[in-house]
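As written, the chain order gives the labels A, B, C and D, with residue 1 at the start of each chain.
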């Protein structure tokens, strides 16, 4: 008879080794160190083309947003991080996102919203470059790839602080 | 401020005195003492007419039953109370029901199934008399009314014992 | 309107049931939400049988998990169909041996202090079909579909009895329903005062018409028939009325030639819900044997599972813990060796009661007990993985 | 088929909605039962808004009782619609910093030892609409419809992580969904090991597509967004991925010019669900003020209710008791004198945390906090009995 303590095999004989190709197709997340970034590269000007063709219809010609698609471009407030005080201050890539790699990661998986996951690596690097330049973060001649993208420092990164609350009477 | 302990009025100010006529229309239950039996009476032969006209189509010409309507007549087993041993022994008014008043109470509220609650008091006394006679419990010339019906002793009454189990290891 | 409501969900239904299914849902926008979170087309549990005016319709236990029975799948037991009741004209009257009889509207019932508890509701006839005529192709729905588990909300009957001032001589309460069967049952005052409820909510929302809308009686742990649906009046009395449901019906003939009357409490019981007919085990190896256990006498203390027809027993775990008077989920991880097996479950409750074997049950209650079919159930697993009801 | 299913219920629907209603349902046979226990036509709660591909749809709390949220009425939050997923082709892969990556089918997930628990799920954005633009004609559905309570059944993530042999350096787990948004969140390993579940059942039956069918992640007490729906993979990592949902979104700007990141836990909160807009109190006298309270930091310890705008407070009762990490029903019997009143509820949890006033919330979190809108809510009762949202 088998009892719980006899269950030497923590798999319970369940599960199969993942199919390599299927896993690779899913495992495309990109972290701030650049892990997961694919081969390839893109420029700001190439990105302008991608943006105009595949993104502007929803996000506006200058990334200003068009409800329900959010604004992607904007560096106001020029100083500080005052979003808690102003409902109307839009959070954009330029004034809020702490990591540039996130733009790649997100666009690659979720955009365009109507045809998600269909951009090539080059297209994604390109449109990311375009958006970073529009937001005044990289130069117009910058090339984004697996080495340069993780090195981009985002203006708002320094404002992010991890939650350390544990409850209790004081409301923070 | 009102706290639970201040709630002197257990009604919470809710509810209304029942409408007398509406309550009387509902309050027709009949118990073994005969409480609730209306004025009126009926005979076996009157009941045969009611039965043939309003009950036989479902319960059979002799009360033998016709699925899904149960048998109403039968005195087998002639002796004893052996229903636990035999799936096929039908429980009828004659061999199972412990109180005659129940027949009145039930027929009055629930039968005929297609037009429940529509029999007059006289019709109900009559068809009850008919059924009790068919089951060999009262004489063919018996008259059923608020005095005589509660006095009828049903053959199976003495077999009924109230449950007194309270759980525990022994399965009874 | 309601019929239009069916049309509203059609686009979502079609999207979820499209053929062929999208090979990669991450590449195509999904369907818009609807006004109700409908089921997947791949998960369509149903009550069976349907069209019941006088009879019952059963919960598909083999499709369920956890402890709750979705309201749509709560068993139904009817004696003359489901009444159409307008909640704005519904009322509940308490009268009889009371200081001041009162009639309450539904809105007033909801204004009283309330209680919410999760309780099972089981018809005493549950299991009768399987006992009298067992067949291998019986699912848990067919075997024991007349039990369900619900989070009920309502007003304690004791609160209502206090409102009307029940008199000391009032030792019984007649409960009566407002459907075409006008069902009546006599309830001991002790139970009414202890934990009886007039409930108006079932799993968070209004009662379903098939389960007594807009309000029913709920007697925790007691037979379903006494939990009168479409409750319209409660009469305080000094003696039981001896209605048809507590004399002709719901009394239990015993082999000693008596009939047990007022067998109110549902005895301890369990049933395996998976694997059970019509499941097929896909392979040898580890499988979770799961089921539900319950008792009307408090709380399930533990549940044993056997995979060798009752020769050896193993204690199951309780993945949701054990709550009083509520279906208790049990689970036992079993390593199937691919050979024929016979699965049983045996529940115990806190009074020391234990679910009897079929033989013990037949010896004590007879071959045709009529009600309260609580014996241990078995399921046969064949070498090809098919599972059938073993009686 | 499903569309035929709508037709099947039509006779029962028509019977329950007949006009005129039968004056005495005890005199006419009722309607036959159907394959589902449908609602009364007089009780038709709905999610709103509908047609959501990117946005949310809210639970009608003003229509509910007890603690459970019916699965059909569980809130929904979508970023690119509801995916059509065939359960026979669905799979969940665990990989990354593990000894042996594995892909499990749905059937296999169900074969693991399971857990069943009742937990709330709240979106961090809940209450944002009412905070930013309060209107008197907002119901509890509109104010706080992005929280729901469910009995979940599933396999502990810890069991799955043990199956694949998560390595010690793996301090984070990336959860990813299989819908068109392909949502990702980084979860601390500690939470995954503590009480995280991969759930496949919701209130006793399969998950609803709108809530993640066939399986989703459930992190008890943590923000809904992290409880990834249509879960397709879990990757064990040594650092967070810093996805869009945990950087651009679900981070909380503070007045001190920082943004709080990884604010995982839902803080203590409550909302009155009755009387609330659009209810109308029919008369002076006793009324039950009811609502729900919850906390992601354990259990609600007590709830206070005020009827004078917060000048004086009274402790409410808890009709269903208090269960950890679950909506807790509170109730306070109030004797209304017919004058204008302002109703508030204030929840406390076992850590000592208390729901802040609107002023305190604004002072600490700012006017535009973005998420975690937990301040005390108020409802205004006018002399004519109408109730409106007071912000």
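Operating definition for what follows: a residue touches a chain if its C-beta (ideal position, glycine included) is under 8 Å from a C-beta of that chain, and two chains touch if they have at least 3 such contacts.
As the structure is a prediction and not an experimental result, all values here were calculated from the model.
J.: How many steps does it take, at the fewest, to get from chain A to chain C if each step moves to a chain that touches the one before?
T.: Tracing touching chains, the least step count from chain A to chain C comes to 1.
J.: For chain B versus chain C, what separation do you get between their C-alpha means, in angstrom?
T.: 27
J.: As a quick test, compute the distance in whole Å between the mean CA positions of chain A and chain B.
T.: That gives a centre separation of 75 Å.
J.: Averaged over CA atoms, how far is the centre of chain B from the centre of chain D? Could you give it in whole Å?
T.: 50
J.: Could you list which residues of chain B touch at least two other chains?
T.: 12, 14, 109, 113, 116-117
J.: Give me the residues of chain D that touch two or more other chains.
T.: Each of 26-27, 29, 80, 111-112, 180, 182, 286, 333 in chain D touches at least two other chains.
J.: Which pairs of chains touch each other in this structure?
T.: Inter-chain contacts occur between A-C, A-D, B-C, B-D, C-D.
J.: How about chain A: which of its residues touch chain C in the complex?
T.: Where chain A meets chain C, its residues are 1-4, 7, 12-14, 109, 113-118.
J.: Which residues, counting only chain D, touch chain C once they are in their complex?
T.: 2-3, 5-10, 12-13, 15-18, 21-22, 25-48, 50-53, 57, 63-74, 76, 78, 80-89, 107, 110-117, 149, 151-153, 178-180, 182, 200-201, 203-211, 213-214, 230, 282, 286-288, 290, 317, 319-320, 329, 331, 333
J.: Which residues of chain B touch chain C once you look at their complex with the stated criterion?
T.: Interface residues on the chain B side: 10-12, 14-19, 23, 26-27, 29-33, 68, 80-87, 89, 91, 93, 96-99, 101-102, 105-106, 109-110, 113, 116-117, 156, 159-163, 165-169, 171-172.
J.: Any idea which chain D residues touch chain A in the complex?
T.: 54-55, 79-80, 93, 95, 100-104, 108, 111-112, 132, 159, 162-165, 174, 176, 180-182, 184, 232-233, 235, 237, 239-244, 247-248, 251-255, 257-265, 267-268, 297-298, 349, 351-354, 356, 360-361, 364-370
J.: Using the touch definition up top, name the residues of chain C that touch chain A in the complex.
T.: Checking each residue of chain C against chain A gives 26-27, 29, 285-286, 312, 314, 333-335.
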